[in-house]
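Presented below are the structures under discussion, each in the form of structure tokens.
Across the two complexes that follow, chain A remains constant while its partner is chain B and subsequently chain C.
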Partner chain A sequence: MPPIPFVMQLLNSLAALLLLLSFAMLAQRRVVTLVNLFALQGGVLCAATLLLAWRTGDGNLYLSAALTFAVKVLVMPWVLHRMIRRLGVYWDTEPLLNIPGTMLVGVLLVVFSFGLAQPISALASTATRSAVGIAIAVILLAFLTMITRRKAMSQVVGFLSMENGLFFGAMSATYGMPMIVELGVALDVLVAMVVMGVFFFQIREQFDSLDLDRLESHKGER
Partner chain B sequence: MKPIEWLTQVLEVGAALAAAPLFQGWVNQCRAWLQNRRAPSLLLPYRGLRKLLHKDAVIATNASPLFRVAPYVVFATMLTAAAVIPSMGTRLPFSTAADAIALVGLFATARMFLALAAMDIGTPFGTLGARREMMVGFLAEPALLMIVFVASLISSTTALPLISEHLATRALVLSPSLAFTAVAFTMVLLAENGRIPIDNPATHLELTMIHEAMLLEYSARHLALMELGADLKLLNYACIGFALFIPWGSATGGAGPLALAAAIPALALKLLVAGAVLALIETLSAKLRVFRAPEFLATAFLFAVLGMLVHLLLGA
Partner chain C sequence: MDLLLVLATPLAGALVLAFFGAHRRAPEINVAFSLVVFAAACALSVRVVMHGAATFGDDQFFVDPFNVFLVALTAFVGLTTALFSRPYMRIEMADRRMTSGRLRLYHAMYQLFIGTMLLALTTNNLGLMWVAMEAATLSTVLLVSLYRTPASLEAGWKYFILCGVGIAQALFGTILLYIAAEKVLGAEGVSALLWTHLDAVKGQLEPRVLSIAFVFLLVGYGTKVGLVPLHNWLPDAHAEGPTPISAVLSGLLLNVAIYAVVRCKVLVEGSLHSAWPSAMLMGFGLASVVVASFSLWRQRDIKRLFAYSSIEHMGIITFAFGMGGPVANFAALLHMTVHSLTKSAIFFSAGHAAQKSGSQSIEQIRGLATISPTVGWGLMIGSLAILGVPPFGVFASEFLILTTAMRDHPWATPILLVCFAVAFAAILARVQPMVFGDTKMRRLPHSPALVPVFVHLGIVLLLGLFVPPFLASWYHAAARLIGGG
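Presenting the complex of A and B:
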């Protein structure tokens, strides 16, 4: 087996780190730590994008790295932290399902997504094609995070992490989406954040809690 | 068989036997420094062993032969394990006796005898310690096996010396899978040796102790053998860690006596650093509730599995 160039080793390590952070988010009980982990994931994603941009010399990738940094490392965690403060859910802990069980389901998801990615990687011609499986795994793990949570805040963080996975997938399969699509997605996610922020306050006003289980017993009177 | 290989073998076992209490003493000393206490002497474990060997053994009237045999079995398995682990050189005549998977089995044998002996007398403490030990053990074992599998996959052999040799001589690469398994291995080491997040080696508090609870009925030479066995186990785990994750410095392949002579200070340096790091980890972490132990070990297992998956997918 020929030795892999060092930049690719670094990229692979970053991809592995991304996967690890997804698992950390899956296991995290504290909302505040969850947001910090999300910011860290954005940072790793940004580093991977920068590295890939440097390797391929693609100017667009530099731009999307900057966009990732601004939106996912600075703005969103800041907005989320502010919401946590204003909603007073600072020390909220999540009544999770049994953590080892969730982890095992997560491992199965990773195996599944690696299988799923095999034909895609075979078709792709990029140097990072083997990371497609990790991207799909990050998306599915974020899904799992959303499914196993009850609090609205953690579900939103899961949703945002899913977008991280999508971005990484596009990057590793085709060196990034067209710039216009990327800008649109970033804007969409930002708008979604604002709308969800409004929802948070509405939900809390109605139920005195961000626990979404209570929505199920709500019959829609008034 | 070349004489140099036999020399390596004898040197390794002798060094393990002689240095195991010293390593334990070093870890204890580092812990004491980090906790702002005056450190006990490095030689304290040796003095303890000498004291125990001079005493008369007291054995409960209802003890079965198993109770008497267990210390010898535990000590012998640990010594056998020390003979198989390549701590100084990778060409060991004895290493064909057990590969990495059999090594995990050796540790399991020792654990089983320890737990059976603890239950033998029928005191509640012994039973309690044995049950907890088995709970920790059955969770740590799959993680340890998974770690061994990752290393075996990378070097396509299950013989520990050959794995170590392959890892030491290949080109230097950034390997996320080995990094993940290293984290998993550290967690397993802490759990298996009764270190702080799982068990506190310095406590005799009824509610929390695991390893100490199993040794309560032992005295004199039996206790000395049990303690020496525990020291050897810690050293063995450290040496497995070196063989898998820091294999540089030991004499690989058909290296001559010069490489072997260089391997001794290398091993001493590794143990010095590893002991300090172990003490640091122990000082920084708080003891987990017993029912949190499964979460801790599930995380170790997860790290090992992630290491394997990342290796399979990225080839790194």
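Presenting the complex of A and C:
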């Protein structure tokens, strides 16, 4: 077996770090820490993109690394922290499933993701194809975070983390989507942030809480 | 040129109305922009009739018989809804349910919503289609929660999170499609996501990756179509927003989402040489028909009632596309057209009925035929049309779908028939007292402008009796393109 180049080893460890951060987010109940973990995940993603850009010499990848840094490391965590302060939501309530249980489900999801990634990484021509499984795992773990949380704020962080996984998947399997698509996706995510912010204040105004349990049973059904 | 006008006018309209949306004449400005879009869409349709399918702007945009009729339909319903919303919103302002800030948001977002749907329909780039679909969701989220009641906030949040998660799955599917396509078409340039290019090489795409991609795409865009079990957001979103928004969500957005699913299905089926994507469409479609038609019995809110009816019809259309073949595809396309026209007409009448009675609760709405005959008859005729009573277009398409099912998939026919009967009884049992029941209310003064309702129902009636040759040839061409069966 030929030795794996150092850059690739570094990339693989960054991918592993990404997965680790997803698990940390799954277990975290303090909303402030959750946002910090999300920012860290963005940072790791940015580092991985830069490394890949340097290795392939692809100009578009430098651009998308810069985009990741600006949007996911600076703007979003800043906006989220501001919202947390202004709304005073610091702790999530007890998740629907207790934390050890959630972790176990998470481990199963990772196994499933690697199974699913098999045919995809077999096809991908990139050097980083082993990371596709990790990308799918990050997406599914973020999904799990969203399902098990009750606070609107934690659900949103889960949603954004899912986008990180998608981005990592696109990058590791194809060196990124066409630039116009990537720009459009970034724009959509930013607009989604704004919409969420407006929503938080509306929900808060109406219910005096961001607890989504209050949002039930307003339906016109029997 | 006409395509540019179709895409740029709504965006310009959104910008203008973002500043003047609360102006005294803002509803007329809204109508004017919609009129320009409709005229441009007509020009585009004429061009396709004359010269056939075409691509524009370096293959980034394209029109073919499959999307041109949806572009025309979207522009038409966008125009009539703008006409309807003029008096509707004036009454809402008078009732103090709308403030000027909300009206501005409403007008700007209305134009943006129409624009993003038209972009999703005409773009050749599957990535851009995703971006436009997501933008269409985002532009309507704040409109669903426009009234800021607890129920509307819940609806808005659900719509936002469920569709957001759903559409994230679709993005992953798109990425997978890109991975497979890049192998064949190369990563240079951006041709690997262009639908026409993919369609040309679909036989060479790696089937295993495409099947995984299709699952994600179907779940993703299927959430937006409102397929069971991903339909949870739909009744809330349609019931709680202002009525013009219910009409365009139900009449147009669901069509665009189905369009996305079918475009992807064509590629995947061409690569797989097997019919399981079709089988999945049939399964999801049938499940939606069954769940929605039985859920109709539990509804107490007039707009939720018709929202569930939309799920049922989306199920019928998905099922028909799943069966495939020239006849079923033709019927599905016809059904998309007539459902869109009929359902928006029903929402127009239902909106005025709720305004007159001061409530959306079915029990509070009584005796529309005495209070306001136009609204009452609009609702009654619309309901009969959507239930598939003979001379209307819905009957024609449902009849074609049923006969195809009888020939190709006989096991499905009794299920469909039972569901149609259940839906018929459920809707009629609720609409009949609303229209003809006893009421103590007197006939109300302001007469609503319901021209759009009767124009829509008139077209549906016409389509039931006679499909114009250019439309029929589009349907046939699109049905060939979609294939299957």
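What we mean here is this: the second predicted complex is superposed on the first by the 211 of 222 C-alpha atoms of A that agree within 3 Å, B and C clash if a C-alpha of one lies under 4 Å from a C-alpha of the other, contacts with A are read in each partner's own complex, and residues count from 1 in each chain.
The criterion applied here is as follows: a residue touches a chain if its C-beta (ideal position, glycine included) is under 8 Å from a C-beta of that chain, and two chains touch if they have at least 3 such contacts.
Computed from a predicted model, the values in this text were never measured in an experiment.
Applying the stated clash criterion after superposition on chain A shows that chain B and chain C can sit side by side. In the overlay built on the shared chain, the residue A:Val110 is in contact with chain B alone; chain C does not reach it. By the document's definition of touching, neither partner reaches A:Leu97: not chain B, not chain C.
Contacts of A:Leu74 after superposition on the shared chain: neither chain B nor chain C is touched. More residues of chain A are touched by C (comparison of chain B with chain C). The gap separating chain B from chain C at its narrowest, counted between C-alpha atoms of the superposed chains, is 18 angstrom. Listing the residues of chain C that touch chain A in their complex gives 125, 127-128, 130-131, 134-135, 138, 141-142, 145, 148-151, 153-154, 156-157, 160-161, 164-165, 168, 171-172, 175-176, 178-180, 182-183, 187, 190, 192-193, 206, 208-209, 212, 235-236, 239, 298-301, 304, 360-361. Here chain A touches chain B in the complex through residues 1, 3-4, 6, 9-10, 12-13, 15-17, 19-20, 23, 27, 99-100, 103-104, 106-107, 110-111, 114, 117, 130-131, 133-134, going by the rule given at the top. Of all the residues in chain B, the ones that touch chain A in their complex are 171, 173-177, 179-180, 294-295, 298-299, 302, 305-306, 309-310, 312-316. Per the touch definition, chain A reaches chain C in the complex via residues 116, 119-120, 123-125, 139, 143, 146, 152, 155, 159, 162-163, 166, 169-170, 173-175, 177-181, 184-185, 187-188, 191-192, 195-196, 198-199, 202-203, 205-207, 212, 215-216, 218-222.
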